[in-house]
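Order of writing sets the labels: A, B and C. Residues in every chain begin at 1.
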Amino acid sequence: MTLLAALDYASVVIFALTGALVASRAQLDLVGFVFIASLTAVGGGTIRDVLLDRNPVFWVGQPLFIGLAAGAAIVVFFTAHLLESRYRSLLWLDACALAVAVPAGVAVAVALGHPAAIVLIMGVITGCLGGLMRDVVCNEVPLVLKQGELYVTCAFAGSGAAVLVLWLGGAPGVALLACAGVTFALRAGSLALGWRLPVYKSFPPRQ
Amino acid sequence: MTLLAALDYASVVIFALTGALVASRAQLDLVGFVFIASLTAVGGGTIRDVLLDRNPVFWVGQPLFIGLAAGAAIVVFFTAHLLESRYRSLLWLDACALAVAVPAGVAVAVALGHPAAIVLIMGVITGCLGGLMRDVVCNEVPLVLKQGELYVTCAFAGSGAAVLVLWLGGAPGVALLACAGVTFALRAGSLALGWRLPVYKSFPPRQ
Amino acid sequence: MTLLAALDYASVVIFALTGALVASRAQLDLVGFVFIASLTAVGGGTIRDVLLDRNPVFWVGQPLFIGLAAGAAIVVFFTAHLLESRYRSLLWLDACALAVAVPAGVAVAVALGHPAAIVLIMGVITGCLGGLMRDVVCNEVPLVLKQGELYVTCAFAGSGAAVLVLWLGGAPGVALLACAGVTFALRAGSLALGWRLPVYKSFPPRQ
């Protein structure tokens, strides 16, 4: 349970940083930074908790999560201009956030005793939906949909790794570590080395 | 209850096909197809279940729904290039999906004993919101908002037909059949024959 | 509780008017007006109720809310051409809606005994998310994100005023009045006098 809490806190803070970076690209004011950062930080976990009927939703029971997201947003507001490339920083922070949010989703579903399929899906939802909301609200091309990059695939493979380890009788901590590792490795490989899956192609593309 | 299950399964599979077709227009990879197809397939019913506090959400209790959506996405990934016009196929599949999802929403609200107004609204929500999420996430013009076409109107009229049949003392099965028939007939008439309602017009259009 | 009900009704009707005005900008038909108006009218309060696990969701327990939203949409459909500037009307109606929806969110969170941080957040969520959904669905630039305008800030300051009054031992009615006053005054000052916070700036803006 302590590991789960650590994952939740880490994913909230890192996703908040990505939300604040997107807010900086939209040239918002400080309150706008806090708003987008909070939405991104708790979005995926909130949907997970609502779907699993987990009461209270994690940040309603512990508002410190929102305070952390707000703090992260404030730090970014005053320091983002120091970054060499905000977009590149955004991509790598988002990769880290994904790699802690996916195991956070997996851990909750496992703790509630759900079957493997739901564990898999909750990993993907918790990992991907906060960033998706951030991008839809800020009118960025969702990272989830970027052509020629692995994104949902990483979350899916990471969740799958956790399910596999558990099925083989591994300890929950090992499963979560494998989950984070696989998720980050695939996303980093996609960002740094261009790993990808074949995409659907047709000509003309929109008929 | 068997009829309700059949409606749920049919609407999940058909909406998944539409989601996969939109994913093909966005040139996603296979996992992207599965993600968008699942979002579209279970989106409307999920919101219905959350709003009505129906626990567990239908696909959390029965993950086979997600498996079916994934299967439909995989089929589309490998066969969509065979279609003569993917957009035309999308419109007609979406019409079919609407015509089964609206009665699925109506059936749940009736089974839970809600009044006519809520039955009406749940039909519209279950029918329209999965496709709306698909279009917002994929940055398509939502079908819900397409000018000069009937869409929400079809869902609304279909739900209304079900409520009317029930109010007149008809059997639930008859009400759901009427609902599906009216929904599909109106949508098909709009697609094939250009049926429409007068729209709001003003010049200049955006002032 | 009567004050709370009055706030809920007022915010539903006024937000419905704003939703219908956006629908008029998108040149939708009458059913489209009702759909967008209802989404805008009950969106924020619905998310508040789902997050706080308040059952039933306010409009599911009292469908009259949707009827009022539909009525407001119908009135706008037939009279919007009489407005001199629909966009200006939209902005000012939205300011009024914000100023009643924020205290409505605050009141619910207080009534359920939540701590100050959650009260603050529920004020912001109830005030801002209905309009945000309206703008995302209709593909308008979300008011929440408009550069050089106060929006979330107004909701945040209004909620903060309510929390402060309550903490000082003020009566709930006074707190809600202060909340509405602060929210509206800030938003009106931003619209009429150009009040704003410094925004994040960088060159080039998107790197």
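The rule we apply is simple: a residue touches a chain if its C-beta (ideal position, glycine included) is under 8 Å from a C-beta of that chain, and two chains touch if they have at least 3 such contacts.
Just so you know, these numbers come straight off a predicted model, no measurement behind them.
Visitor: Please strip out chain A, keep the others put, and tell me the connected groups that result.
Guide: Leaving out chain A yields one piece.
Visitor: Do chain A and chain C face each other with the same patch, meaning over half of the contact numbers show up on both, or with different patches?
Guide: Answer different: the two copies use largely distinct residue numbers here.
Visitor: Between chain A and chain B, two copies of one chain sequence, what rotation angle (nearest 5 degrees) aligns their Cα atoms?
Guide: For the C-alpha superposition of chain A onto chain B, the angle is 120 degrees.
Visitor: Need the CA-centroid distance for the pair chain A / chain C, whole Å please.
Guide: Here chain A and chain C have centroids separated by 28 Å.
Visitor: Which residues of chain B are in contact with two or more other chains?
Guide: 50, 136
Visitor: If you look only at chain B, which of its residues touch chain C in the complex?
Guide: Touching chain C from chain B are residues 50-53, 114-115, 117-118, 121, 124, 128, 132, 136, 141-142, 144-145, 147, 150, 152-153, 156, 196-202, 205-207.
Visitor: Help me check something: in the complex, which residues belonging to chain A touch chain C?
Guide: Contacts found on chain A: 23-35, 38, 46, 50, 55-57, 60, 63, 66-67, 77, 80-81, 85-87, 136-139.
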